[in-house]
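In what comes next, chain A is part of two complexes: it sits with chain B in the first one and with chain C in the second one.
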Partner chain A sequence: MNNRIRELRGNQGWSQAELADRLDVSRQTVNAIETGKYDPSLPLAFAIARLFGETIETLFNPDA
Partner chain B sequence: MTSIKIRRELGGCFFAALAYIATTWVCVWLLKHPLIEAGLVVRAAVSLIPMIPIGFAIGAVLRLVRAGDELERRIDLEALAIAAVAVGMAALTLNVLMDAQVIEIAAHDATVWIFPALLLTYVAAKIWARSRYQ
Partner chain C sequence: MRTVLAMNRWKRTLIDMGPVTLFYIASVFIAGAVSKRMDPGSLCILVAMIPLPSIVWMAFAEMRRLRRRDELRQRVEVEAMTIAFSISLCVIVMLRFLDLFGALKTTIPVAGLIMSICWAGAQFWVRLRYRYWA
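What follows is the complex of A and B.
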């Protein structure tokens, strides 16, 4: 599933490790989500959306 | 944060494994030397002493799995599933080969190798599973 997390993280000037710390997950998990290799659970998707002030629908695109 | 938690819990697993090895070594030594002619109950009780560090090891492994995030848990689950099925089927295949008298392995030797085989297969499967998400 495609998402805009890399773009939003870049806008904030955060590294993958910094974002991982904020979400309490590993850097590998952030990387896997950004590259679309892993789809996060609903609670993690909500946590990501809340962190960036977005909605899940604007963050993730299941059709792409 | 997560990796710090995992590292701390890995340390717990390491100490539990060390405690198990030390306890087993002492028990085997006791059973082969001072207690060689002890009664069945005493020998059984001494043989079961390593169950105590095994209990600590189970607790440590549980904390290690819980310290991981959702992707790490998925990787662990995939690795454990592969290891359990691979080692289980290998044991059954070995049994058939022994029945057919193709190979001969003492039952004692075979049981000793089950856990190391499970651990090695788990590590190899985890490396493979992790590479899928990189």
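What follows is the complex of A and C.
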């Protein structure tokens, strides 16, 4: 599943570690989500969307 | 900051697993020492069961640690354990049959070694799949 997390993180000027701290997950988890290796759980997807002020639908694209 | 976090992680691991590991080592040592001084009989079964509480405690401690982990790490651990269990079971059953047919002589410690090797291999494969160390 594709997502825009790397792009939005870049816009905020955050490193993967900083985003991981804000989401209370490991940096490896952020990396795996960004590279599309891992799809986050629903609570984590909501937390990411809330952090960037977006909706889950605009963040994640299941068709890609 | 990262060094402090890593130190806290090691401290947490030591607190979680240290006492139970010491208890396990002590109970295995006691069971071994007692069994050498007794004659074969039904009491041997009780002595052999001395390490059981520590193993149960260890399983609970490991489960508690797993639940505290981040969600991807939980998935990595569960997938690695599932793969390792499946493969090691196949290999151990095969070795057991070879032992029964007299083609190969195996002992119980070999099973532990096979399980450890399968677990390490599965950890490597699953971490590679999720790029977990990147």
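Observations, loosely collected:
As a convention for this text, the second predicted complex is superposed on the first by the 64 of 64 C-alpha atoms of A that agree within 3 Å, B and C clash if a C-alpha of one lies under 4 Å from a C-alpha of the other, contacts with A are read in each partner's own complex, and residues count from 1 in each chain.
Here is the rule we go by: a residue touches a chain if its C-beta (ideal position, glycine included) is under 8 Å from a C-beta of that chain, and two chains touch if they have at least 3 such contacts.
Not measured: the values here are computed from a predicted model.
When the two complexes are overlaid on their common chain A, residue A:28 makes contact with chain B and with chain C alike.
Looking at the shared chain after the overlay, A:40 reaches both chain B and chain C. Of the two partner chains placed around the shared chain by superposition, neither chain B nor chain C is touched by A:51. In the superposed model, A:1 makes contact with neither chain B nor chain C. The interface of chain A with chain B overlaps its interface with chain C at residues 24-26, 28-29, 31-32, 37-38, 40-41, 44.
Per the touch definition, chain C reaches chain A in the complex via residues 2, 70-73, 75, 129-134.
Of all the residues in chain A, the ones that touch chain C in their complex are 17, 24-26, 28-29, 31-32, 35, 37-38, 40-41, 44.
On chain B, the positions that touch chain A within their shared complex are 1-3, 68-72, 74, 130, 132-134. Chain A meets chain B in the complex at residues 20-21, 24-29, 31-32, 37-38, 40-41, 44.
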